[in-house]
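Shared chain: subunit A. Partners: subunit B in the first complex, subunit C in the second.
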Partner chain A sequence: MNKKLDAEYYQLLEQIQAADFVLVELTLYLDTHPDDQNALTQFNQYSEYSRQLKAIFEPRYGPLLQYGNSPVGQQWDWGSGPWPWQV
Partner chain B sequence: MDQQHEQSFTQVKTWQPFHSPFDPCPPIGNKFYRTPINIYMTFQPPNLEQFSPQEALRSGTLWKVFYDYYENPYRERDS
Partner chain C sequence: MWIYEKKLQYPVKVSTCNPKLAKYLIEQYGGADGELAAALRYLNQRYTIPDKVIGLLTDIGTEEFAHLEMIATMVYKLTKDATPQQMRAAGLAERYVNHDGALFYENAAGEPWSAKYIQAKGDPIADLYEDIAAEEKARATYQWLIDISDDPDVNDSLRFLREREIVHSMRFREAVEILKEEQNRKKIF
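Moving on to the complex of A and B:
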């Protein structure tokens, strides 16, 4: 059984991807610039922002992470597609 | 040498390989190679101008100066 995907799904998923990419870049940057307070502040902002986005996304469209890193709710739908790389 | 570098700074550099008269293939003419900005910037300075998250995702980098794309230099441009 496939989950229903609407325009909002794609919009939210793209926002999550974009926010997480910023976090990837800032992680690499902070590895070499650990004393840059501006970057650290920005990292924390985006970290919080990413968490908020996922908190909206997951109750609606299912868990993004497995092994207890995402809430799964009352029904086990990890196995029902589509997978992120299929959308 | 350094001064020459400054004057001829470009993201794409060219050289002409030797073409043997016995080479059965026609000469390619110029060879192109890219020298992105990060190889001149020894250590990334803080507070560089950034892309928006959406643009960054599509550009592959968060910082505008590091955006480097490939364009086939052998293809004639239509526009």
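Moving on to the complex of A and C:
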């Protein structure tokens, strides 16, 4: 069973994708520039920002991560959509 | 271990049912320079590469799986509403009779994915140069796909993937310099 997806779903998802993209980019950069303190500061800022966005998204649209890395609440609905290729 | 995240790295939209474009895109799913080959190549090389670049190979290899899912999403969305007749008209009759609408790790010509596409030499410089070449070949493939594609929405996602190849290539080049520096330092003492 798929949850009802409103405009806000897509808006929030895109914000998360944008924030997490910064984190992917900074991760690879820091892998070869581990002493760049500015990049590390930016990484920590975006890490916190991403956590905040997911704290809004997940109670409404379900967990993003498995194995206990996202809150699941009182109902197991990991198997309910949408899956990424369905939206 | 790995943890799956229930989201695409970058949005994938398609304009219309277009099995012909899906036929071309499968090159980056199961082709020699595709995302599966990239992910498996880097993650396998990690075990014997010097410690200084294990993190980079782990993180780029993991990102390649996110790209694999983006390509799969494009192929799935472009073919999910296609009739058998449309599949045949797109040159996908052979794929259809074997797989119906399922995805499969093969290249645009229908050759199944092979470990012959990748190498692990155990020599860090040789391995990293292979990785740089792989990124450049993937970048070129994305350019040819953009040139031949008639779907502006798919092209937006393909441009994102093309740019990622450029960044990965740059990071691998830096990794080569890091290892060369370390080698030179060892020679002095």
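Just so it is clear, the second predicted complex is superposed on the first by the 87 of 87 C-alpha atoms of A that agree within 3 Å, B and C clash if a C-alpha of one lies under 4 Å from a C-alpha of the other, contacts with A are read in each partner's own complex, and residues count from 1 in each chain.
Please note the rule applied: a residue touches a chain if its C-beta (ideal position, glycine included) is under 8 Å from a C-beta of that chain, and two chains touch if they have at least 3 such contacts.
This structure is a prediction, so every number in the text was calculated from the model and none was measured.
A simple residue count on subunit A separates subunit B from subunit C, and the partner touching more is C.
Once the two complexes are overlaid on the shared chain, A:Leu26 sits against subunit B while remaining clear of subunit C. By the touch criterion defined above, A:Glu14 reaches both subunit B and subunit C. Of the two partner chains, subunit B is the only one that A:Asp36 touches; subunit C does not reach it.
By the touch criterion stated above, A:Trp76 is placed in contact with neither subunit B nor subunit C. When the two complexes are overlaid on their common chain A, residue A:Pro84 makes contact with subunit C while staying clear of subunit B. Across the two superposed structures, the residue set of subunit A contacted by subunit B and also by subunit C is 14, 17, 21, 25, 29, 32-33. For subunit A in complex with subunit C, the residues that touch the partner chain are 13-14, 16-17, 20-21, 24-25, 27-29, 31-33, 62-67, 69, 83-85.
Residues 3-12, 53, 55-56, 59-60, 63, 69, 72-73, 76-77, 167-168, 171, 174-175, 178 of subunit C touch subunit A in their complex. Residues 14-15, 17-19, 21-22, 25-26, 29, 32-33, 36, 38-39, 46 of subunit A are the ones touching subunit B in the complex.
The residues of subunit B lying in touch with subunit A in their complex are 43-44, 46-47, 53-54, 56-57, 61-63.
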